[in-house]
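Look for chain A in each of the two complexes below; its partner is chain B in the first and chain C in the second.
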Partner chain A sequence: MTDAPGWLDRFVDSLPERGWFQFLSRYVVVPYWAWRDPKPKLPGGPRPAAQPGENLQCMMNLIMPLKDPSPVGRAKAALAIAQNVDAIFDGLDNVGTVHTARFLLLDGNLCMISVYDGDFSNYIRDFIVTIGSVFDEIMDLVVGGEELKPTAQNVDKFIAWVHAHDLFQAPDFPTDLFTLQDEAKGVGPGGPPHELRSLPRALILQLHANPNISLGGGYRAYPGFSAAQVRAKFGVGW
Partner chain B sequence: MPEPDIADTLVAFLNADGIPGKRPVHAWGIGASGVFVPSPVAGSFCIADHFQEKLPEGYPKKPQVVSVTVRFSNGSGSRQNDGAAGPHDGWSDVRGMATRFHLGDGSATDLIAMSLPEFFTPTPETFLDFARDALPRPFRRETPWQKLRDMLHLTLPLPDPYPGQVSRPDDGAMDYADRNRSAQLAVFQAASIGAPVSYVRATYHAVHTFFVIAPDGTRRGVRFIWQPIAGALNIDLRDPAQQDKVTRPYLQQELRDRLAKGPARFSLMMMIGETGDDFDDSTRPWPPHRVRVMMGTLTLDTVIDCEHLSFNPLLLTRGIEPSGDPILAVREWAYQKSSQVRGGVPCPFSQR
Partner chain C sequence: MTAAFAPSTFDPATLQGNILRGYRLGRVRYLILEVGGQAEDRARARRFLAAAAEGGSAEVPAITRESSGKWAGGARPDTCFNIGLTAEGLRALGVADQHLATFPAEFTDGMTKRAMKLGDFDDSASAHWPAPFDQPRRVHIIASVYADDEGRIDEVQRKIADAFTVLGHRDGRNLAEDKVFFGYRDSISQPRFAEVQDPERSQDSEPVDPLGTVLLGFPNRFEGVLFSVPSPDVLGRCGSFNAFRILAQDAAGFEDYLDAAATRLLAHPLVDQVLEPGGEARIGRGLDRFGALREIVAAQMCGRWRNGVPYETSADAQLPDPPEAAVSLTNFDYSRTSACPAGSHLRRCNPRGGPIVQRIANYTRRLVRRGMSYGPDFDPATRDRSERGLLGNFIGANLGAQFEAVMCDWLNLGLQDPDVTGSNDPLIGANRVETSWFDLRLRDGGSIRLREIPRFVTTRGGAYTFLPSLPAIRYLAGLTG
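For the complex of A and B:
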């Protein structure tokens, strides 16, 4: 049988691409659902897991808003990093659990993107011990940073701040978002399943609460191996 | 032993609308032959013959090349039961890749995989419930007002029917998933899986856990994945040049044309599970952060007829053992029963 779409079908199908409908969605539909079915902001960083592989090559996506996002303010941030390159490299080698780390200037944010092994709090703690002075300089430049100085004497407070500014990592399997949202609301795993067709709404409302997120746990060329194992394999000495 | 009973029930149910002599699911398929060459490291993870780069004393001293037979298939292409018989190559659907490795001693071992990374239910009993709920139901295009409602509710839109499509399993599968959390991931991903441009441009997952035995006796829980070396690629029905694929069977001819020009290759990747991973539940894929081992390369070069061949996911060989996954266990019996019903080449287990 033929079930060809009529003109009204085609018009409705085209709505998501029309500017006025996108405006309506952005300023009316999404805010309405965010009011009716609010999602808590989900915490950043990797989630606790018993499996060793989940505790290796963990990602940190630290987004630090600059007090002065103008070109001059961003230049100050670039200078703060550039003047401390030796200290940063020394610190990374001393921490020993870091695969990669880099700084980005992204719009009005200074970002630190790193891949590390082991527990998040220990990672930050090790960093503060080794390059606390660099972070003190960075804290001068970012919103809310002054209260954390000197970072070496405010370690737990600094860890909490970093955790709050680390991006939420969306689950590798999309339907796990329901579980994370339930957990954040204190709803246990025994609750009734969510309607599957509501998954796009769950994601949209989560993006309303967490505008910036990491999409999944990322790709790894050699998953399941620590930086120490890789160095040992290549025989590079530490 | 409960498996034969539930397997009989499953096969009888799935065959209810089938055609005698044809598979009840994955009915449309095409065969190909080629070789599998194990990687240099495969033998250090598994003692199975086809993973040995060189065979033991008495065999030729050269890199081993294992003959393989592969059957690619469409998960739900209809032969008669929805009024629109055909393989429906261009419809969004799960594809299958069943591989038989012909071993040096004349025996064989199978690896059965599909383009969906997980299964729908954790047990045979729940799968029977799922299959009953997911029977294709008659459907029509959503009205414009229903679509508008979906948009305003920020919910997943129901796909429009393909030309000639009058029934689909999605509605029942969605209903089941709304009541059963374990089915949600597979149903969600199956609903949006799309159609590959070629059978050899899809990734295939052997969703169950197997245990592989290393030369030192280490026993590892693993899952296998066939990755196309040409890369995974779906058709894009927004492209006018590809829109005819939704009504025209193309996958079998595409494979014939492709292999006439040159071989197609897959990498066999093996994911190693960790303590804490679920080895017996194929509804839960493992995170992509597990150690991966490249076990070998499959090269297909010839289209063959293997429609009467019966594969079985538990046709294993020394060095590979099944996990306790109850779906894997029942598939042994279900495949065997299905083979008997359609008169396929007797399943290797039929001598039991």
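For the complex of A and C:
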């Protein structure tokens, strides 16, 4: 058996570049597979790890769709953040586990991108405990936000909402996607094995369910240190 | 939503009796129950619950209620019976999906899906749990029966078995002198509530905890924050959540580790900073230097000496002068110059008012702990390796904000203090020999890093349960379908 691909392999490999196939896949093939083998939308944020150091410098990519994505609506969101920016930064300071955080307006979305230590739920809960009233103002502006107000009395619901709006982080080892998809469907580790060649399809179907994702857990220039460890090391108190 | 946060009134007679305080009976049996799948099974289970909530009958034991102050006159029951239901159990009794969806995600997920947060991996993974916890979806109710006399427990079990399928049971008992198999005196510090009279705890200096620490519908330690009360209100209000855990304790492995650590310390150039020459007598009667070093390692790992004396207030002596009776076991606090290591078990579980990274979190993650031991007695001289451990209940109003928050960020990450971040709790953490460490504190403020700490506590089963109020049990009994 030769390593050189045969004519059929070459033909199949060339399909994604062919216009008629792109049309077919967009309107027929992907919708058909999404119907035949639906993948649940996967939740956002990093997945907890066994090794303590892996649970530091975690990334949150919170994408909040604005009720009014027009320039006026986006200006309202910019104003809401600007008016509360001191309170937000004080809040992050008091939570104690946040390295960096920033807000972006991206198309019709208000985004909060942050790097934090430890458990996601604890981070969000402590944040709401500290500055829930500020987040109530933001909730006025985003789709579905009014049901979460006041956030201080809907903490669990708010955590679940943030979790759902935090970008899914594709696994750093591509084949781990199979495990995550199985878990989301309630299939245990004893389920049937997956063929490696079905990985592209699994990824495409996942992108059908999660149009926006984080490609992996992100790059860290140094091993995981907590914000408090960095502050302690530089003598700025924690 | 407004109705869900109308302030609750505290009526002890509507609560199950095992939430606000323990029974102080010598034995417990946990019965792991399934509600049968047929309509008649559900009807039988509901009839049982209806009778149990109404004070019991000849065939049905009564649910034991809270009765603040009433037991002082000697009318304490000799048998106590309580129940907790899993999300699957609520479903099996007919709670609608729309109502189940109002329970917190960690409860409806169930304990096995929260494994990574709880350190339930490697040998602790639920895939290794023995029956009946190898089939978590069948675990519907965990009933607890407490008594001093095993015969009374058998009697209650017979009645329960008429209404439910008993998937399995676990028996626990109090060890002598309130100790656990690792040799420590346990159950010293618990949350206390202004509404509950407990003369034995009246001198404690820790702040009194608001009822919302354990009961849904009451304010908790978080200012302005209320945990959601699941719907319908009658089901959720005044309920509580419990993390039931079967935790195997490797008592022999722990004693072996103390030997290894003491051997290493004896050869360490800084050993005199661990124990001043001639200081052995204050550590324990008849101890040599090796034996005293073992006890110091054990005390620093826990935060208490094995007799219960806090390391914080008596760092140089398990047998303080004046004697230990004069030392308060509960009244102390931590500071930036604490003698008690930040990595110790006590400071990780309850940092009290001491400095922590999450500045707003002091006292917010308090849990009620009720545990009894299972398995044969342990003799440190022979160190047999039979399975033994703790049947633990970790009770709070919000599993995520209390139990899980403590388990992941404090016990298994050490996020609360940069000096211990990246390490696990030395006693009960998910340690791996290759990476584990604990900084032993020296008398001059320096430290020696102990490594190769194995995992001493392995999870062998468990479930998240909801502890319903008496009106909630009546509501469940009245469901149809």
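Observations on the model:
The criterion applied here is as follows: the second predicted complex is superposed on the first by the 220 of 238 C-alpha atoms of A that agree within 3 Å, B and C clash if a C-alpha of one lies under 4 Å from a C-alpha of the other, contacts with A are read in each partner's own complex, and residues count from 1 in each chain.
Keep in mind that, in the parts below, a contact is a pair of C-beta atoms (placed from the backbone, for glycine too) under 8 Å apart; a residue touches a chain by one contact, two chains touch by 3 or more.
Note that the coordinates shown come from a computational prediction; the quantities given were computed from them, not determined experimentally.
In the superposition on chain A, A:Pro52 makes contact with both chain B and chain C. Look at A:Pro16: by the touch rule set out above, it reaches chain B but stays clear of chain C. When the two complexes are overlaid on their common chain A, residue A:Ala78 makes contact with neither chain B nor chain C. Of the two partner chains placed by superposition, only chain B is touched by A:Pro5; chain C is not. By the touch criterion stated above, A:Phe173 is placed in contact with chain B alone, chain C being left untouched.
Touched by chain B in one complex and by chain C in the other are residues 49-53, 56, 224-225 of chain A. Those residues of chain B lying in contact with chain A across their complex are 140-141, 144, 147-148, 150-156, 160-161, 163-164, 166, 174, 177-181, 184-185, 187-189, 272, 274-277, 285, 287-292. Note for the complex: chain A touches chain B at residues 1-3, 5, 8-9, 11-13, 15-16, 25, 29-30, 33, 49-54, 56-57, 172-176, 178, 193-201, 204-205, 216-217, 219-220, 223-225. By the touch rule above, chain C contacts chain A in their complex via residues 1, 5, 104-105, 116-117, 119, 121-122, 127, 222-228, 356-361, 398, 400-401, 404-405, 408-409, 412-415, 417-419, 421-424, 430, 432, 435.
Residue ranges on chain A touching chain C, taken from their complex, read 47-53, 55-56, 94-97, 117-119, 121-122, 125-126, 128-130, 132, 152-157, 159-160, 189, 224-229, 231-232, 238.
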